[in-house]
Structures are given as structure tokens and as C-alpha cells.
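Some structures are shown below for you to check.
Both complexes below contain subunit A, partnered by subunit B and then by subunit C.
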Partner chain A sequence: MGENLKVVRDATCTFCGCVCDDMHLTVDLDQKRIMKAENACILGKAWFREHGIEERPLALIGGRTATTEEAVEAAAQILAQARFPLIYGLSDTTCEAQRVAVAIADMIGGTVDTTTSVCHGPSGIAFEGVGESTASLGEIKNRADLVVFWGGNPAEAHPRLFSRYAVTPKGMFIPNGRKDRTVVLVDVRRTPSTPAADIFIQVKPRSDFEVLWALRALVKGRKVDPSIERRTGVSLAVLEDLVARMKSCRFGVFLFGMGLTMNRGRHFNSGALLALATDLNEFTHWVAKPVRGHGNVTGADNVVSWQTGFPFGVNFSRGYPRFNPGEFTSVDLLTRREADAALIIASDPADNFPKAAIEHLRRIPVITLDPKATPTTQLAQVAFTTATYGINVSGTVYRMDDVPITLRPAFESPYPSDEQVLTAIRDRVRALLGGNRLPAGAPVAAAS
Partner chain B sequence: MGSPLRIVNGRVYDPANGVNGAVQDVCVRDGKIVADVPPDAKRIDAAGMVVMPGGIDIHCHIAGPKVNLARKVQPETHQDDVQLRTRLTRSGTGGTVPSTFATGYRYATLGYTTAMEAAVTPLGARHTLEEFHDTPVLDKGFFVLVGNNLLLYRLLQEGRREELRHALAWWLKVTKAYAPKLVNPGGDEMWKGQRNANITSLDDKIGSFDLTPRRVIAAFIEAGNELGLPHPVHIHCNNLGHSGNVETTLETMRLAEGRRAHIAHIQFHSYGAAAGKSQSNPTSRARDIIEYINTHPNISADVGAVMFGPATIMTGDAPLAYMLRRFGGNKWVNADTENESGCGIVPFRYQDRVYTNALQWAIGLELLLLSEDPWRMVFSTDHPNGGSFMSYPRLIRLLMDRGYRKEQMAHVNQKALDRSALRDCQEREYSLSEIAIITRAGPARLLGLTDKGHLGVGADADVTIYEEDEDKEKMFSAPRYVIKDGELIIEDHELRADHQGRLLHVAPDYDPQIEQVIEPFFEDFYTIRFANYPVDDRYVPNGQIIPTTPSVAAAPATAGTRT
Partner chain C sequence: MAEIMTLIGGRSSKQGTTLCASKLGAAYAEISSTLEMNVEDMARLGLSNNSKVRLRTPAGEAILRCKGRETKDLPPGILFMTYGPLSSQLMAGDTAGSGMPISKNLDVEVEPVRDENGP
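For the complex of A and B:
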């Protein structure tokens, strides 16, 4: 440990959607490393430990070392010449950077899409269909006496969802913490989260929708046939018991994960769960919350929504925003070989997209912004090394419950931020195009 | 700031300075109205045109967490109403909840240059400022929700009125708000904490607190007046939308006891109850409301008129939105914010054949037509709750053109008109000067914005120039020129430049000791750290602090005890 230590209090961990802002970081400024992250969970500790400064070139063009300025020029040329470019990622960067990324998509008439389209996209679509009763995490801490986790494994994916927000903490109207809550876990298998629950309900794989629909029927006082057990693995008695609990609690919450959204049924599943929460408000207070993965995926949803009216999968080629999941979502655009260039920000699709989509990424010029080398940066024509948000860069991040938090960086990075690189690219593209690109046939008067 | 500019030959309506249609020059330089500019300055020939200060919306919902939820939940309203990008300006989408860029440009294309977002949770302040960053042209501010705040409830319950005032000042300052806002005081706590109950009278007990809405409202009116805020406490009364709520509204105004208070969207609070079987049907009690306001100069209101067509209910009054959910085409959004507020959103459509909707439409017009002081009963639709801001030109025509009004009255539910007094005020027509008051000079005065809403020397150079037209809807739909901070934003009805407006906010003094009362509450009941809660200046690249004139010094609080 070096001599030059600094403590950053109330820093924020951006590893997952919990976005805990009570990190007390001990930083070795000489080594540019975080030695200790007080209050961090096991995932947060690893996040802070692994984000020191690596010796990487500022940028690579075609695999050769380049300056940031040279790479900005190369990236701008690619984007200005592309006819159907895709801008993707954005869930692990600040809202300030996201804002500029959407601006570039608008300027060049491209598509902007975020990792939402491969995680809680179905929940976003369900929201558009039925709405949502929801709450900030503090309401859950202060009031929730019945907590139902559905299709998720917080013990391993969001550990502090248990300890800081929803299970063990004491709250204003939950003075005894865990003792004052009933915790239910619904999943297709036992996980390390199961022991945290008072009631574990194991559903057969691919039958979440049937279980949710049966619950809706029971809540509305309709009859459900006992054969539901054969289909779903859950007996009518168990469902009836759960319904009785849900109707009699004071403040109930569903916290649901990708086990529900990326399963057979997709947005029908999310929609059924959101509708169930709405139905239960006839009897008592009920809310539901998708448990989000990436640190600022919720910020990406918000920024894209306020700038365009739609949360993800937005195309600007006609001169205005259009939303069509399946058409303008990244996996689909790439698999159909439609995109002719891609700007990938803080994301690694080459690691987790379907093979056909990755193959197309290899065919087209790709620009990446990432603090680390990844499979995507390795196939990129232009790869920027950028500073890590929350560790080297300040800015705004939205917690999974839409609460925005300002980051307190721990130490400086020699690399530029995503926002700086994107702003330089935007300005250069604007200069190359002479302003926003207008779609063919746009009224001339508007061009003045 | 643009080059110096002289507007000539226009008929000028500047009621704050007693100018009523006189043909005179208006000179602009460095973003301000000036007495004169050099002879070679650019000229705008406004012959046949009307020159007014830029419009000011005193109460609308255009940015922040609930607005973004309302945007997201209605994609179907965006796809057929798009805002094309130009070489200079960003694209967007419309509907009753437009995207941020579309919001700014569309307000500008109606001649508006300032707008106040009327309900922001303190936790959502940062989000609101981020959206403001992307809302062009307009100067903006927001009212911060404090009427369902549980720490403030605790202080009030314990009789700690001084600390309540300091805490209120702290909340205004750290969120960069413009004014304090009360929404259905007590209602959100009943909603979240008492199985979706609501407040029904000013004397209901608020959940587990030893408090009533009456005490809450009185305390905030007092604190707001003591802080000397440019705009007083902005009140969304209890019982919004309920038949017979007029008594609650009158009682709320009486609580001010001569002190300043502003009642929001008062149309929604002016309902009687029909006698006999149809008790649940509202009737118009606009006359009682307007008589009270006409005779009580301490009270001001914005009307919250209803316009037929699509709307979006979006409110901090969560139980109200729940009541309306069956009209929402199966969509309903509820969003609780810890310790601070509730929120509800329902897509909505006002229909002229529907009794209640027609009555609401009539009451909005009645209030404006019976008002004797246009400076204190100002224009709003509570956008988008009573209708989109894009319907403002039609509302202006309804006020200015009695022939048109009569024609429209023939199309609406006649039983509703029978229960209103609209037929009794058929004669009145608003003059251009009165329109300038209710859409510009009045809101500026009520907001305490001394540099806005007029064209006197030193005023902000926010100027709108309309081509005179018999059809007032057409006239007010598309100004020929709009000047913002001295810059020509709209010329020949088209956007010619982009512009970043200012954030208008207050920064009242408070006793720093109050933080020692607030911080422990955060430790126990918030999920964000106290140190991370205040909004820093980076979110306000272009801010303007409007001064306060406190009647009580920020004296040390009496106790710093843990609550």
C-alpha cells in the first residue's frame, strides 16, 4: 500500500441496478487502486478492486495504436458515411454520455438501442400495455410487509436488495426489520436465494404465465381448476394461501427478474405480473419493480424516453423517432444484416449476442468505447479506451427505481470519459454533415 | 444574445406598463428590452401585428420522473404526432406528453418563453433538471412537493414550527426549486400507508400522524410567507375532482387568513353536489369560488381549464389517479416516492357529450368569464391534465369570441350547461390586453418574476409577435416572430435558431443547524445518503436565483434533537 491514501465517503457502486451510494472507498492515489470498499457487497468489492488503471493504448484503429483525436476522426468518418448505423449499449455509462449518444443517432438518422432490449425489454413493452404500480426502494424498506421475488436470484445477483432495501432493513413502519416481513420466492429451481424466503414456490419451467393468470383469477374471486398443479407444479392450495396473504398485507411488492422476462411468454409474463399488482390494489397497497442488472440501464431507459418518447429500439432514419422492437432492436438489426456500422458504448455484444448477430458485427465497421478489452473491442475497427464511470468519472446514474444519483469518482484516469469522446465524435460528425442529416424528401424550408 | 433589434409599427400590449394597443417601437439589446438602439439595428416591421411579452405558463407538467413515465406509457400517442429534426434542431414526438425537445420547440411556436413544472418530488429534482437541460428555448422552474413529506410532518406534529420553516428552506434550496407545492396534503400517506385510503376532509387524521390537512396547510402557508418566497405556497387542494369539493376549497382559502396563497387548477376544485338521486354528479359552484377570489386579494389561482380531446392525468395525488383508472384504457401508473410523495398517471379523454366533462369545460370558462381581476385568475389547463398546452389557442378563442363560444356550447352535454352558469356570462369577451394579462403579465406577477411578463426597459427580451386575425385560435397558434433573450428564435413562423433557456430557482437562507435534524432522518428512512441528496450546480448550467424577502431572520433553530 502506498503512502498517498485518500478516503472517498458516500461513493456509489455502479456494478448493478441497486446503485448503492454508501460506499466508503480507501484509495491508493499512487497506485491508482481502490484498496477497500466499505459497505460493498461481494460483487461491489470485486468491481472496485478490478478497476485500476491498465496500460492500454488510448485508442486503436484497425488494431494499431492511435491517439484519441485520430480515433475520433476515424469514428466520425464511419458514422457520417454509414446509411443505417446502429448505436448500442449505454447501460454502463453516465446519463451525460447517453444524452450525447442519442443526439448522434438523431443527427445521422441512425438507430439507438440499449441493453434493455436483451434484458427487461419485455417489461418495458408490458409497461406500455398495462402501466405499473411501483415505488422507490425506500418505500419497500419502510413499508413492505410482504415481499415476493419472482424469477430472480438476488443473493447472487443483487445481494444488497436483501440487506439494504427489501428484506432485512428496519424501516419507518417495519420497526423490527426481517421479523415484520413475509418473504416469498417464486422460481423454477432452488438457488442460494431460497433460504432467505419464508415460502418457496417452485414452478415448472415455462409456466410462470399460467401461475400468474391463476393468481389473477383467484384475486378476482374466480374459480381455478385444481389441474393447475399438473400444468405448473404448484397446487391450488399453495396459490390460495398466497392470494390470501397478498390481499391481507398492508404493503406488498413484487421484485421480478429476467427469469420471468426472458422466459417463454416474455412481455406477457411481465404484463401478467404488473396486472396482478394492479388488481391487488383493490384490496391493499401493491407495487411491482423489475430488478435491473446494469448500473445505469435505468438511466438509459430514462434518457432515451425523454429525448424520443420511447425507451429503447428507436430509429431516426425518417427524421423523427420510431419505436419498433423486433425491427429496431440490435439483435434483430444485426441478425438480418441491416446495420452497416455500429457504435458500441460500454457494452459487450460480441460476448453475449446470438452467433448470427456477432457474425454481422465482424462484417461491418464497429466503433467501441470501453475501459477494458473485450470480445467486442477486439473486433472493432476503432476502439477507444475510456475512463470508468463511478470510479474515474462523475455524472448521473439512475437506480433501478428511477432515483438519480451523482457519482463521486475515486481517482483520475489518463483516459477520457465516454461523454468526452462522444461529444468530440458528435461535433466532428456535425461538421462533416454540415448540421443534422435530413432524410431524403425533407421540406427545404426546414433546412435553413 | 443576438444583434440589436427594433420592432416597429406593431400594436403593443404591455398591460404591466399600461400600454394597451398603442403603436410604438420595442427595442432589444443584449437580451434585454432597452430604450433605444442605433439606427442601423435590424428592424422587424410588425405592421398589422400584435406585440406582447413572451407567454408564461404558471402551472404545467413538462419534465421529471412522472412526466417520463407518462411519456413511456403512451407510445401510441407519439407515433402519429412527430417533430421532424431540422439542420439545427432535434427531432421528437408529441401527443399530450411530448418528448423534451418537442416540448420546448412547441411552446416556442405558440409564443411561450417561460414554463413552470408544477410537481416534482425532491428525490426527482435531479431528473427534472436533466430533462430541463434537453428542453430548449424556455426558461423553466419547478415546484417541489412538500405536502406529504414525513419529516416535515414529524416536525409539525411536535410543534416545531421554526424548524419546519428552516427545513422547508433547506428543501427548496438543495433541490433548486422555485416554490413549495402541496398536493392533496395527507392523501399520499393515506394511500401508501392505509391500504389505498384518501383524505376526505380538512379535519381527517393523516394516517398514524397526529395531524390534519388543516394544520399542514396552515403551517406551510405561514412558513412560505415568512420565507418571503417570490411565489407563495402553491396548493392543490384536497378532494380534487369530487362532487361537493367546493367547501374544501373555500375552507382552504380561508386558512390563509389574509396571507398569500396560490390555488392550482381551481376548476377541478369548484364542484357542488347535485341534490337527490344524482348526488354523485357534480354541479358548478364556480360563482362561489370566484366571488371569494374577487374579494380576497391575498388569493390567486390558475384556472385549470378542461379542453375536449386527449389528455393525460398525471399527479402527485395518487388516490385521485386510482379513482380515474377505469377511464385509462386499462393503463394506470402509480409511483410512490419514499417519505415524500405519491404519483398517479392515467391516459384520459374529455368528451363533450359526457356530463361531467362538459361541466368541467363550462366551469373553466365560467371562472375566467366571471373573474373581475385577471391578474389573479390566470390561464392554465394544468397541461396535460385538462388538455395539452397545444390547445391554448382554442381556449383563447373561446374567451375572446362569444359567437364561437356559443357555437361550441351547442355541441356539449346540455344537462351539464343547465348545472353551470355559463349561459349567464355569454356577453363577455376578453380583450387582447386581458389575454396578455392572464397569459403573461399576471403569471409573471404571481410568480414574482419582475423581469418577465412586460416590455419595460430592463425586462428580459422575451417577445412574441402575432399577426392580427379575426380567428383568434389561428392568430395565437403560430406567431410570426418569437424573440427569446433577445435572439430571434422564430421568424416567419419557423424555428430559426436553437436556444438554451435558464433555470429559475430560489435559494432561501436557513439555519445550518437544521441539517442535524434532517440527517438522522435520512440515515433511518431514506435509501440515498444525506450527502448525496443535494443537487449540485453542475445540473444548472444556466441558472438564475430569484431573491427572497424573508420577514423572519434565519435565526438559530431551538433544538437540534434527533427526530
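For the complex of A and C:
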């Protein structure tokens, strides 16, 4: 460790949706590295440790080193010439950058979609149909005496959700912390999260909806046949016991993961859980929150919603925003080979999209913004290296409970921020198009 | 002989820490090409830790290395792997009009891979 050290107190970790804002970072300004991240979990420690400054070109065009300005020109040409471009990602960047990305989509008549569509997108669809009984993580910490984790593994994906908010911390009305809470975990397999639970309910794969619907019936006093156990792996007695606990707690919370959304049933599963929370409010206070993965995926939902009225999968090709999951979501646009160019910001679909979607990304011009080399930057025609949000870049991110938090960067980067690159692309595209691209067949009056 | 089992894709803390370093590195490749499998299933298929196994779905196939899990941790017939380039090979692009491809509880054909370099 060098002598030119700086301590940044109450910095924010943007690895996951917990967005813990109590990090105390020791920064070596000569090496431009974070040497110590006090309060960070295992994931946060890796996040801070591994995001020093790497020796990478500012940009690559067709695999050749380029300046940022040259890459902006190349990216703008691609977007201005594309007929059905896709803008995707956005969950690991600031709200300020997200806002510019939506503006570009609007200007070029393209589609803007975020990693929400392959995360809690189905929950977003369910919110529209069923509604959401919600709370902040602070309320959960201070009030929840029954916590039900459903279809998730927070011990590995969101470690501090347990220690900071939902399992062990003492709260205003939970003075004894863990002793005052009953913790239930529902999953198809035992995970490192299981030991944290008082009650583990192991459901058969593809049975979440059936279990949730049976719980709804029991909450409403209806009869459920004991054969539910054969279908779901969960006995009627276990369900009745859970219902009794849920109706008699003071403040209950469902924290649900992608075991519901990435599974058969998708938004029906999320909707069933949200409806169960609503049902339980006839008896006591219940809330339900999706547990979010990326550091600012919740911000992406918020920004896209503010600007378009919809949270993800929004298309502007008619000159106004249209939302239609399945039509304007990235996996569908790529699998059906409809997108003819893609601007991918702070995301790596080439590492986790279905094979057919990745194959189409290889066919079309792709522009990436990412601090790291990834499978997606490797297939990109234009790849920008950008600074890391939260470590090098300030701005706003949203915690998984929709609470906005301002970032406190640790040290400067030689690379531009996503917002700077996107703003330059937006300005150049605007110059190339002479303003917003009008949809084919738009009334003449609209052009004046 | 191939058997049909249920594959769950997901995250792990080791995957989370290795992806921070690099998604192009050996550690990430190793963690995302490891398949957790019930030990009784492995014994029946003649597999041991680190054996190669081929998974096949209508969308594609991938070869991974096995890691045994006791029945109390992973029931028979259930497989777990972390998301990454190989899980993508097995996922279909159809989202049933939702935007979300299915990546949990996939039916997969499981088949041991015998090669001359070992189990």
C-alpha cells in the first residue's frame, strides 16, 4: 500500500440491489485501487478490489484501437442508419446515463429495454395487473416480524440483505433482532441461505404457483385437498401452519427472487405472490418486494418509467412510446432477428441470453459501453471503455426498494463516464438526423 | 444412457466474485462450467467429481464437469449450474410473450461423456 491514501466514508457499493451506502473505502490514489472496503460483503469486497484502472484502449472500432471521438462518430453512424435499433442494459450505470439512453431511443425511433426484462420483468407485468403492497427496507428492518424469502438465495446473491435489513438487525419494533423474527425460506433446493431460516419449505420444481394459490385459498378460509402434497411436495399441514403464522404476525414481508420469474408461470407466479400479500392485508400488515440483482436496475425501471410511462421493453418507432413484453423485449427482438443494430450499456447479454439471441448479436453492428472486457464487448463493432459507476463516477442510483442514493466516487478514471459517451452519441445522432427521426407515414404537419 | 433431469440456473457467491475480476478469465470459465448433481444420480450414471457430462435441450447442448451434492442439499433429478456462456447454450429464445426466457427448471437430457483423457 502506498503513502498517498484517501479514506472515503459512507461510499456506496453498486454490485447488487442492496446498494449498501455504509462502505468505508481506503483508496491508494497512486495505484488507483481500493485497498480496503470496510463493511462490504464478499461480493462488495470483490467489486471494489477488482475495479481498479485497467490498461485498456479508450475504444475499439472493429477490434482496432480508436479514440473516444472516433468511436462516437462510428456509433452515431450505426444508430442513425439503423431501421430497428435496440438499446439494452442500463442496470449498472447511473440514472443520469439511463436518461440519455432513453432520449437516444426516442430520437432514433428505436427500442429501449433493460436487464429487468430478463430479471423481474415478469414481476413488473404482475405489478400492473395485481398491484404492489410495498415498503422500504428500513420499514422491513424496523417492523417485520415474519419474513418469507421465496425463490431466492440471498446468502449468496445479496448477503447483507440478511444482516442489514431482514434477518438479524435490531429494529425500532424488533428490539431483539433475530429473536423477534420468524424467517421462512421457500425454494426448490437447499442453499447457503437455508440455515438462516426457522422454517424451510421445499417445493417441487414448477410448483410455486400451485403452492401460492393454495395459500390464498387457505387465507380466505377455503378448503384445500391434501393431495396438494403430491403435486407440490408441501403437505397441507405445513401450508396451514404457514397461513396461521402469516395471519397472526404484526408485519409480514415477502422478499421474492427469480425462482418465481425465470420459471414456468413467470408473471403468474409473481402475481400470485403479490395477490397473496394483498389478501393477507385483510388480517394484518403485509408487503412484498422483489429482490433485485444489479446495482441500479431499480433506477432503470424508474427512469424508463418517468420518461416513457413504462418500465422496460419500450418502442418508439411510431413516434410515441409503446410497451409490449414479448414484442419489444430484447430476447424476442434478437431471437426473431428483428433488431438491426444494438447499443448495449453496462450489460453482458452475450454471456447470459439464450443462444439464438446471442447468435443474432453476432450478425448485427453492436456498440458497447463497459469498464471491462466481456463476451459482449468482444463481439462489438464499437466498444467504449468507460469509468465504473460508484467507484469513479458520481450520480444517482436506486436501491431495490426505490430509495434513491447519491454515489460518492473513490478516485478518478482516465475513461469517460457512460453519461458522457451517451451524451456525445446523442448529440452526434441528432446532428446526423436533423432532430428526431419521424416514423414512416407520419402526418406532414408533424414534420413542421 | 441419457436421463432426463431438471436443471436450475442461478447465481453463486463464487460466480459473483469471479465475474468482478473478469468474465474472460479462467476462474469464471471454471465456475460457469461446473454442474452440481445429486451424488446418487452421479453414482447411477457412473460419474465421479470432475467427470464430464453432456446436457442437451431442444435449444442446444453443453459439456460441463460434475460436482457431487448430498441428497439433503440437492434432491435426485435436480441439477444446478451458474449462469454463463454454457447455460446460454441450453436456453430457448421463446419467452411466451413475456420477454423472459426460461432458465430455471429446464428439462435436460443428461449423458456421461467418456473421453480418453480421463473420466
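Assume the second predicted complex is superposed on the first by the 448 of 448 C-alpha atoms of A that agree within 3 Å, B and C clash if a C-alpha of one lies under 4 Å from a C-alpha of the other, contacts with A are read in each partner's own complex, and residues count from 1 in each chain.
Definition applied: a residue touches a chain if its C-beta (ideal position, glycine included) is under 8 Å from a C-beta of that chain, and two chains touch if they have at least 3 such contacts.
Being a predicted model, the structure only gives us computed values, none of them experimental.
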Which of subunit B and subunit C A:F15 touches, first, second, both or neither: second
Let me test your reading of the model: by the given contact rule, A:R216 touches which partner, first (subunit B), second (subunit C), both or neither? neither
Mind working out whether A:D332 is in touch with subunit B, subunit C, both or neither, as first, second, both or neither? second
Go through the superposed model and pick first if A:I405 touches only subunit B, second if only subunit C, both, or neither. first
Should A:R33 be classified as contacting the first partner (subunit B), the second (subunit C), both, or neither? neither
Contacting residues of subunit C [partner subunit A, same complex]: 6, 8-13, 16-18, 20-24, 59-60, 72-75, 78, 80, 83-85, 87-105
Per the contact definition, I'd like the list of subunit A residues that touch subunit C in the complex. 15, 42-43, 45-47, 49-51, 113, 117-118, 121-122, 125, 153, 155-157, 159, 188-190, 192, 202, 205-206, 258-259, 261-264, 266-267, 293, 312-313, 325-327, 329-332, 334-335, 348, 351-358, 372-375, 378
Parts of subunit A lying in touch with subunit B, wherever the complex brings them together: 9-10, 12, 21-22, 95, 99, 103, 106-107, 124, 127-139, 141-143, 164-165, 170-173, 250-251, 278, 281, 283-285, 287, 301-303, 305-311, 316, 319-323, 396, 398, 402-406, 408, 434-436, 438, 442-443, 445-448
Help me check something: in the complex, which residues belonging to subunit B touch subunit A? 63, 65, 67-68, 71-75, 78-79, 82-93, 95, 97-101, 123-124, 126-127, 130-131, 133-134, 150, 191-193, 195-196, 208, 322, 328, 330-339, 345, 494, 496, 524-529, 531-532, 536, 538
